[in-house]
Amino acid sequence: MMKPNMKVNIGGVELKNPVMPASGTFGSGREYGEFVDLNKLGAVVVKGISSTPWKGNPTPRVAETYGGMLNSVGLQNPGMEEFIEKDIPFLRSYDTKIIVNISGKTVEEYCAVAERLSSEDIDILELNISCPNVKEGGVTFGTDRRMVEHVTKEVKRYAKQPLIVKLSPNVTDIVEIAKAAVAGGADSLSLINTLIGMAIDIHKRKPVLANGIGGLSGPAVKPVAVRMVYQVAQAVEVPIIGMGGITTGEDAIEFILAGATAVAVGTANFMNPRATLDVVEEIEGYLQQYNIKNIKEIVKKVCI
Amino acid sequence: MMNMVKAKIMKNEEISPQIYEMIFLSKEIGEQGFPGKFVNLYCEDGRHLLPRPISICEIDKNNHTIRLIYAIVGEGTKQISHLRVGDKVKVLGPLGNGFTVEKGNGKNIVIGGGIGVPPLLELVKHLKGSTTVYLGFRCNPILIEEFKKYVDYVYVATEDGSYGHKGNVLELIKQHNPIGDRVYSCGPKPMLKAIGEWAKEQDLPAELSLEERMACGIGACLVCTCKTQGKEDWEYKRVCKDGPVFSRDEVIWE
Amino acid sequence: MMKPNMKVNIGGVELKNPVMPASGTFGSGREYGEFVDLNKLGAVVVKGISSTPWKGNPTPRVAETYGGMLNSVGLQNPGMEEFIEKDIPFLRSYDTKIIVNISGKTVEEYCAVAERLSSEDIDILELNISCPNVKEGGVTFGTDRRMVEHVTKEVKRYAKQPLIVKLSPNVTDIVEIAKAAVAGGADSLSLINTLIGMAIDIHKRKPVLANGIGGLSGPAVKPVAVRMVYQVAQAVEVPIIGMGGITTGEDAIEFILAGATAVAVGTANFMNPRATLDVVEEIEGYLQQYNIKNIKEIVKKVCI
Amino acid sequence: MMNMVKAKIMKNEEISPQIYEMIFLSKEIGEQGFPGKFVNLYCEDGRHLLPRPISICEIDKNNHTIRLIYAIVGEGTKQISHLRVGDKVKVLGPLGNGFTVEKGNGKNIVIGGGIGVPPLLELVKHLKGSTTVYLGFRCNPILIEEFKKYVDYVYVATEDGSYGHKGNVLELIKQHNPIGDRVYSCGPKPMLKAIGEWAKEQDLPAELSLEERMACGIGACLVCTCKTQGKEDWEYKRVCKDGPVFSRDEVIWE
């Protein structure tokens, strides 16, 4: 059978297929590279990078929940200089696109990272204004429409690469936030980041996470993510990268039908180190089963 | 090289109250296994998504089998205990750095506590020189006779006094005041901290195997960190990849 | 062993224990009464009641999701007159408290139901301003702090019984909404109602629910619910009824430690018709295990 | 009276491609079972929370066993098919109203389609008078010989023509134009709608057994509604409690 055309376009960058890891769940690809041929992924999305090294939150940073997990990593990262030195050359040795997720505590820090990265050999930037695990920056930027537009616009001034804005699901009206990001100049939107959650150890009578609260991800959140992708796709024109609980190609197809041009696989990597590649193959299988020649034919093709 | 395998279970039995022994077949993991490394077991019950890290207790390179000893502490380990002989278990491994097995001779002091005891069994099989083993348990000690097969001195402390010294293993060590060249230890955090301090007083190098809640188990997600001393400042290292074995000087106890 | 004291107080009404069904999952108690002795529940919460009969949404109205479910019932109910005539006498024949969940399309309708019920023999009213499955009323009232305060205040004018306000989790800031309800005069808060979600049948390429979107409930949402109960408990003084994914006594204890005075069991009834009673017994077991004489001792006792 | 039981499985086997037969032991459900009623099976795999409604195919009151025939269509039924003899399955039942079995004689026309055929087997055992059975399948017909044990005339249509009439069951009925006093039917919605219309033309009373996605299965949650004709206006009735069997006049087809 003929292989379907899996190419998709995010902000002018062509990916060989729509599948990438979700930021923060895949390091910079080194570890999962032992299980997955990185050349076969549409892109590698690296963990959140800030201007200076961040230590992140105290441990425990993870709690398992029903069909999901909470994390409170808090954007631990070695800072942009070490990242540029060590990880970009590693990733460039593969035939895949590089998407760098950027973090900041202030608008200035986001801009500084974008500016520094603008001269580096990377393909796309992803602006994380939705991390629930940091006090400053993160989710506080992502839940107010004016701030979303403002920070997007500012970062856009420095970014040479196309800019994805990553949205938080912890909002009353995701469409309003999405429109604000697009108004600020976002070339693409990715959603969802984690839902804010909490788990309590009833025997110790304290939260499982040292940080108290954390971000909920995994299959449990998928219905919320699909709904938000659907709503946003009805309202904006830019391509959407859908994520939240994708573990199989079938899950990915759900997001694509809802309106996602590409998809990211996060928590599923922890359940199955080959998850990203399995999703690529299963999407292909679905397209072949229904004799669909080009994946673009099914983007946003859910009929209501 | 890590492997993701569906391994056939050869044994999965309760050997002591709430303590299970599992033996599974895997050539790849058997060949690359090493004392102090661990494997990830997956529950595959739909509800529990994250793998359960369990240390390698013994490796039989001839028969390609791996032996684990695990305690039932929650839903995941309970699920795993329900697997039957002949079933397949999803395993990722071997993971982590393992102990540094000194090439030279000398005196090894090996100290285990509770469910931290099993990984030391494979270790003592690899150690050169002379080895003294101290094991502490709350009650129901395990593996003592097996340790005796490989080492001359095995001292046991139980908190309920049912076997050996009544009390904890650190008291026993302080009583004995053993002379040695290096320390290896695995057990609960408070014990490791005390062992680390004792080793420092004695000016002995010590390798301590830590535990932390994990997700990926391979170093990608940064959830399993422990505070360590970096070049200038303290830093978070990954227990799954940079550990689980750390030298006593590295670890910063909270 | 001595039985622990399980009594709790919601707005001046004493419940013999903190466990009740979640509105809409238990009918008026008739069906589950075959499995559970209703006398043993702290209260029975009935499905949403409006002034006139509502037909609800088209079928299918349910989709199973990972560790949860979506529903889009849309508050089908026979209207308050039929409810008063048929269900109140039935429920009054049991030694338990009656909590009536009220729905409306307009503030006037909510008030009309509250007024009509004020002269009836029921113990507490629960104001549902958080149903995601109706176009008018429901969640549109529950996501705007001014509307929450307004509708609460209006209904309070007509209600003779204590008033619980049921909050929607589909908001950026649950604390702000909770404070608005309390400012409007709520005697108690219940949370969470369902998260808005969607599931797509990838073979038919259409939503599983005829209504497109629906409300997500079940164990999958528990971490979000526990977090919201915790946050709200830190901010308001009125008693909280916690719900969202409770299937066991251990789950209930998590909510109580987070700050809930009472708990409701919803989706779990579908998995186990005896769930409400099992939760009562398991809470008792936990209290006995830790030798806690009175359940009030552990309310909000999570240490951060 | 409904019962929640953990029933011992006596049989759980594939009897036709993707079609399984399960027999389980339950005195309570056996005693209260009735043609057209169904049971809820629970997957208990942690991930699939909602029960799967399956019609009762046969009841053996002497041996207290219930027989079900079910198709693997998704994850839940696949999980259930993995249960082995001797395992326990969580069952709630019997549920729903069941068919009205006429006390008097007369001519019964019983029409089944696909996986709607099994519940009609218990029905025909209870019917008085004479009964003609029409069964339609896509391919691989099931239970035909068993129906023949209880009724004289069993006509079969298969869409692939592998057995009996090639085509659908309605064509076959229209060809035969059978004379009767009442109709009983179970099968896919489009077929039931057509049967309902045909019965109306013939002026025959008809009982149709519907399917809808369910949650509680006992009438409490209102997710399983179907549009029916009420006294004045149309109304939503509950398939699980007011049905699954409705008279042809009640149902409003969309």
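Note that the chains are named A, B, C and D in the order they appear, and that numbering of residues resets to 1 at the start of each chain.
We take it that a residue touches a chain if its C-beta (ideal position, glycine included) is under 8 Å from a C-beta of that chain, and two chains touch if they have at least 3 such contacts.
Keep in mind the model is a prediction, meaning the values are calculated, not measured.
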item: For subunit D, the least number of touch steps when starting out from subunit B; value: 1
item: Chain whose mean Cα position lies farthest from subunit C; value: B
item: Whole-Å gap separating subunit A and subunit D, where each centre is the average of the chain's CA atoms; value: 47
item: For subunit A paired with subunit B, centre-to-centre distance based on mean C-alpha positions, whole Å; value: 35
item: Distance between the centres, which are taken as Cα means, of subunit C and subunit A, whole angstrom; value: 34
item: Residues of subunit B touching at least two other chains; value: 46-48
item: Numbers and ranges of subunit A residues touching at least 2 other chains; value: 63, 66-68, 219
item: Subunit C partner contacts - residues on subunit A that touch it in the complex; value: 63, 65-68, 70, 143, 170-173, 195-200, 202, 205-207, 212-213, 216, 219-224, 226-227, 230, 245, 250, 253-254, 257-258, 286, 298, 301-304
item: Subunit C residues touching subunit D - in the complex, by the definition given at the top; value: 24-27, 30-32, 34-35, 47, 55-56, 58-64, 66-69, 71, 73, 76, 218-219, 267, 269-274
item: Complex contacts: residues of subunit B adjacent to subunit D; value: 45-48
item: Touching residues (chain side subunit B, partner subunit A) in the complex; value: 1-2, 4, 42, 46-51, 76, 92, 212-226, 235-236, 241, 254
